[in-house]
Amino acid sequence: MLKKLLLATAITTIGTGAALGECAFENDVQIKTLTAGFEAWKAVTDAMAECGNVQAELDQEFRTKQPAAFAANPALYQIGGVANGTIVPLLNDGTIRPLNDLVEQYGQDLGPNQLITIDGDIMAIAMMVNAQHLMYREDILTELGIDVPTTYDEMLAAAATIQEAGVIEYPLGATMATGWNLGEDFVNLYLGYGGEFTDENKMPTVNNEAGVKTLETMKALTEYMDPEFLVSDSTYLQKQFQQGDVAMANFWASRTGAMDDANESSVVGKVKMAAAPAAVEGGPPATTIWWDGMVIARNISDEQAEAAMKLIAEGLDEEMVKANNNAAVWLIDGFEVTPLAEGTIASMQGSAPAYPASTEMGLMHTALGNNVADFLIGSETAEQTLADVEAEYLTTAREAGLVK
Amino acid sequence: MSTARALEPPFPIKLANGAFIVFWLVLAAFSLFWVLVMSFKLPVDALSSNPLTVIFGPSTQNDVGGLGLIDIALGVVFFIAGYKLVESQTGRLARMLSLFGQIWLGWLLAAAVVLLAILVLASVVLPAVAGAFDWLLGGMPGLGWLVEPFIGATVQHYVAVWYDNAFYRNFINSMIVTGGVVTISLTIGTLAGYALARTGSNLAFWLLITALIFRALPHSVLVTGYLPPFIQSREILMPLWESPFLGWFFRLFSSEPPTLYGQPLAVIAVLVSINQPFTIWMLRSFFQNIPSELDEAARVDGCSHFEAFRRVIMPVMWPGVITTGLFSFLLAYNDYLVCALLLDAQSQTMVPAITQYFNRETTSSDTLEAIAAAVSITAPLFLLVMVFQRQIVSGLTAGAVKG
Amino acid sequence: MKRRTFFIFVGPSLALMLFFIALPLISVFVQSFYNSEGVFDAATVEECTPGFPNPICRSTTRMRPMLDENGNPLTESRFVGLQNYQTLLQPMAVAEAFSAAGRGLGGILNISFYKALRFTITFTLITLPLVIILGLAIAVTVNNASRAIRGPVIFVSLLPFIITPVIGALSIRWLFIGDGIMTNFLEWLLQHNVAMFAQGWTIEILMLFFRVWHVAPFAFVIFYAALQTVNQDALDAAVVDGASRFERFRFVIIPHLMPLIIFVSLIHLMDSYRVFEEIIGFSSQAHRISLQWLTFDLLTPDDAGNRAISRAAASSMLTMIGIVILLIPLVMRTWRDHRRA
């Protein structure tokens, strides 16, 4: 037993030794970061921490903390991790700084895809893209002679076949946990049906045919899901996949690596990726493309901003990508496209839209996340649910001063 | 004598009585016991849906190792003996350690001694004794089955939590916050409680009623009232620092105003305030039970109120203060909402820190580490009940119980 | 005690409570009548985001908040009277629900505030008797048990009470969620597929169970402590009078415990009225929400970064009204005691 323990320790030491790269410079300015907590962020913040004096805070609830923490003077964090949705509050409050000069000075290695530009100002440095796309159990589909679904109707038919064959009790999975996840599922499908969320006056326009169809498709999907779908977040769904409890789901690209993690997964090599199914025949994949990246706070000294930019460039270098290739679909040079990234790339090539991040969309997303569950548990009709969504959106939009 | 016999319950009632106690004990402890068991297994075993796999942990035993019958027997013996000793003897120890006649110092030292003793016993003595037994019995023919491991166990999740993820930092933060809250809360609470117990004025009455309403307030209401000013405190307080009259005074403490967000001291102040209503109500009823003739006599002898409080009341108030202190401890130690919203990662206490484990859990070993962290948080509370059990019951009998 | 001395003694405690409780409360009260809005203007901007293989640039119309000269967003604070309360209470919808064509109670329970109110009230009222009864039952049985086992039994009984509520809730959740072992046990028992987190009422049962489990030990300790001081003479007299076991309990022990039953009830009413941890621990927001959770949720920034501070203020004021109603009987009783003293 002691021998085993020693061996294990030795392996860990060697492992960390190999992963520990050299930082190009010694950082002597105290820098704090606040980012989300998934695998890719672990990799990037670890790479930045090698330079010294970096305190990384990884928190999936960063969204609720970030706006206030960046509005403080001096800002409580110098670097923030954002996505296209979460950058909106920071842009609105004007709490992040344009990075044009800093990028010119330190960002030689950044690719054009990484520069998030608004009216010529570089506001964020993107590092990866993320999207929900189809993951399926290749072995099950092949065995039952099912083609990889390209539309939601095909997906439902495939689910019915799998269930009838008695292979898996609940063949479908989804990230339908109430709140943000559920709202995101609605957004994906609704855009797939060609819906618009607001008109030019920012008045809500979801109570329409596309909205009803979206809700009905979601409900049809839940018929093939574990009945506890309203608590099913990404981690829950990942476990279901790993334990072989689901055969198909529209799931985040950032979770693909976990499917082939031999320590956790009983389905290594059996889960394959494809473009997200389309909502209508011949339409674009019903999903939205997200990017994740970093911003630098406005209310800090220029010296800190400079150090922050150097750290970002160091954290997003080729070395980090090579060591963590499967942690994300990186936008950074040196990323090697593996089968795990195929779903995202296929979705992007199929011209899936970018997530339409904006102030009004933020309000709409919240309203959707709060109300869609009422329809799925059957306590309201589709029209009623959508009317509730619009009412909640209007209340919050009026309070924010967005509509009069 | 005859009534005592008449009160002796008949057998069926005794049986029902015993059955109910057993039922309650299982209900009370099962979920905690289960979490404890899970925390010592590898993910494959711990998350299995078969309860026997969870308990015996075959893969854990295979991959890491396990415990034999004799190890478990030793553990149980140590636990029971330790419990008996702590439960019955800590009071005596505390009185022995009461340096300078300060009983609170005695309790503090006693708790530290018990903690240290348990740590040494559990990490050094117990494994050594178990190892000796294993070696001894393992060599004897026919007794090998006693030491043959049959329950898988691993401490790797605890190592990961405390060593790799530096949970001890959160532990230290928790201790700072909890210690600060208990000390300050009791100091100002005893003063207020004493004054309230010794006045019958309407003012005191309405003060108590207001405190009662404060006690009932949802904390989220208050906390979010603090959040924006705490984050902006540097800007808000700047005029004070720059004012020509008082500026010099504030600059004595620091050259510029502090950002209160993330400061343990600010959280301590908030938790003390939230806790004050309960503290003063509880201490007031304790002081009401101390006959007011005591301090009145001291006053007649020419003592001021403060002197009377210090010389006459302080020596007899400790049972009440210890009980109230325990409730303050629980409030501060268990707090989630206030600490989660007002502290940043560097000064985070244990309870909010654990929810961050859940927020970033993407692998099953993360789940198990969260469970190990949960058990780690519970362990000091476990110890607390062991040490103070008698004080809780007797303190409640003496004071608050009178309503 | 002179007023001056009184204030010196009470001073520090009072100052803290004023500064950290009363002050925020007053600001919340004022806030509930105001609304602060951002000032937006529409602008067409050119944005570039990652694409495959090249970035995609397009121009869109954006609502952009106007910034003041310091670069902070401009806001307009406006007195709105009772509008925030109206948004929460939706009197129109209530009137409609109770009109001839309305759906009655079912119609208003879809409105968040009433949904939360319904849950909070039933939660409080159902757990109250259960906590008292269970607490009493444990106290009486432990008191009847032999002295040797009382210590360990009290020790184990106290565990659910002292454990961190979030962790306690999680420990029960782990037993029941997905394929948890208790779910498997129930499935085996009922020979039926069980999903505890799929519908509201099962989650509600778990939440009720957790609260009773968590608080009953507190009731138990208080009652147990009081049982130690039962007047033995009165019990002896009852035995002489031939009172049965039940009659002795009903007419001697219960009256002795009555002030404490009231004490525990009040503490429990106050605490369960602000039920919150259960919602987080059991992730029940899709099915069941409470008043404190509603306030908390309104205060949490939405996806556009806005906190609905004004509505949250109104919802906390409404919660406050409930608390005051709850406390009136106690205040009156204490007032009478005070006058007598």
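Note that the chains take the letters A, B and C in the order they are written out, and that residue 1 is the start of every chain.
Just so it is clear, a residue touches a chain if its C-beta (ideal position, glycine included) is under 8 Å from a C-beta of that chain, and two chains touch if they have at least 3 such contacts.
None of these values were measured; they are calculated from a predicted model.
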Chain centroid nearest the full-protein CA centroid: C
Far-end chain from subunit C, centres as C-alpha averages: A
Comparison of A-C and A-B by number of C-beta pairs in contact, larger one: A-C
Approximate Å spacing (C-alpha centroids) for the pair subunit B, subunit C: 22
Cα-centroid distance, subunit A relative to subunit C, in whole angstrom: 33
Separation of mean Cα positions, subunit B and subunit A [Å, integer]: 39
Junction residues of subunit B - those touching two or more other chains: none
Sites on subunit A at which at least two other chains make contact: 71
Subunit B to subunit C touching residues, read off their complex: 3, 6-7, 9, 13-14, 17-18, 20-21, 24-25, 27-29, 31-32, 34-35, 38, 49, 51, 54, 83, 87, 188-189, 191-192, 194-196, 198-205, 207-209, 211-222, 224-226, 269-270, 272-274, 276-277, 280, 305, 330, 333-334, 336-337, 351, 354-355, 371, 374, 377-378, 381-382, 384-386, 389, 392-394, 396-397, 400-403
Contact footprint of subunit A on subunit C as seen in their complex: 35, 37-40, 45-57, 60-65, 67, 71-73, 75-76, 87, 110, 177-178, 195-200, 283, 285-287, 300-306, 308, 310-311
Residue ranges of subunit A touching subunit C (in the complex, touch as defined): 63-64, 67, 71, 84-86, 88-90, 92-94, 112-120, 126, 129, 177-180, 183, 200, 202, 226-231, 236, 289, 291, 298, 331, 345, 348-349, 354, 358-363, 365-366, 373-374, 377, 379-380, 388, 395-396, 398-402
In the complex, subunit B residues that touch subunit A: 43, 63-65, 227-228, 231-232, 234-235, 259, 261-262, 344-346, 356, 359-365
Residue ranges of subunit A touching subunit B (in the complex, touch as defined): 1, 4, 37-39, 55, 57-61, 68-69, 71-74, 76, 234-235, 238-239, 242, 255, 258, 261, 263-264
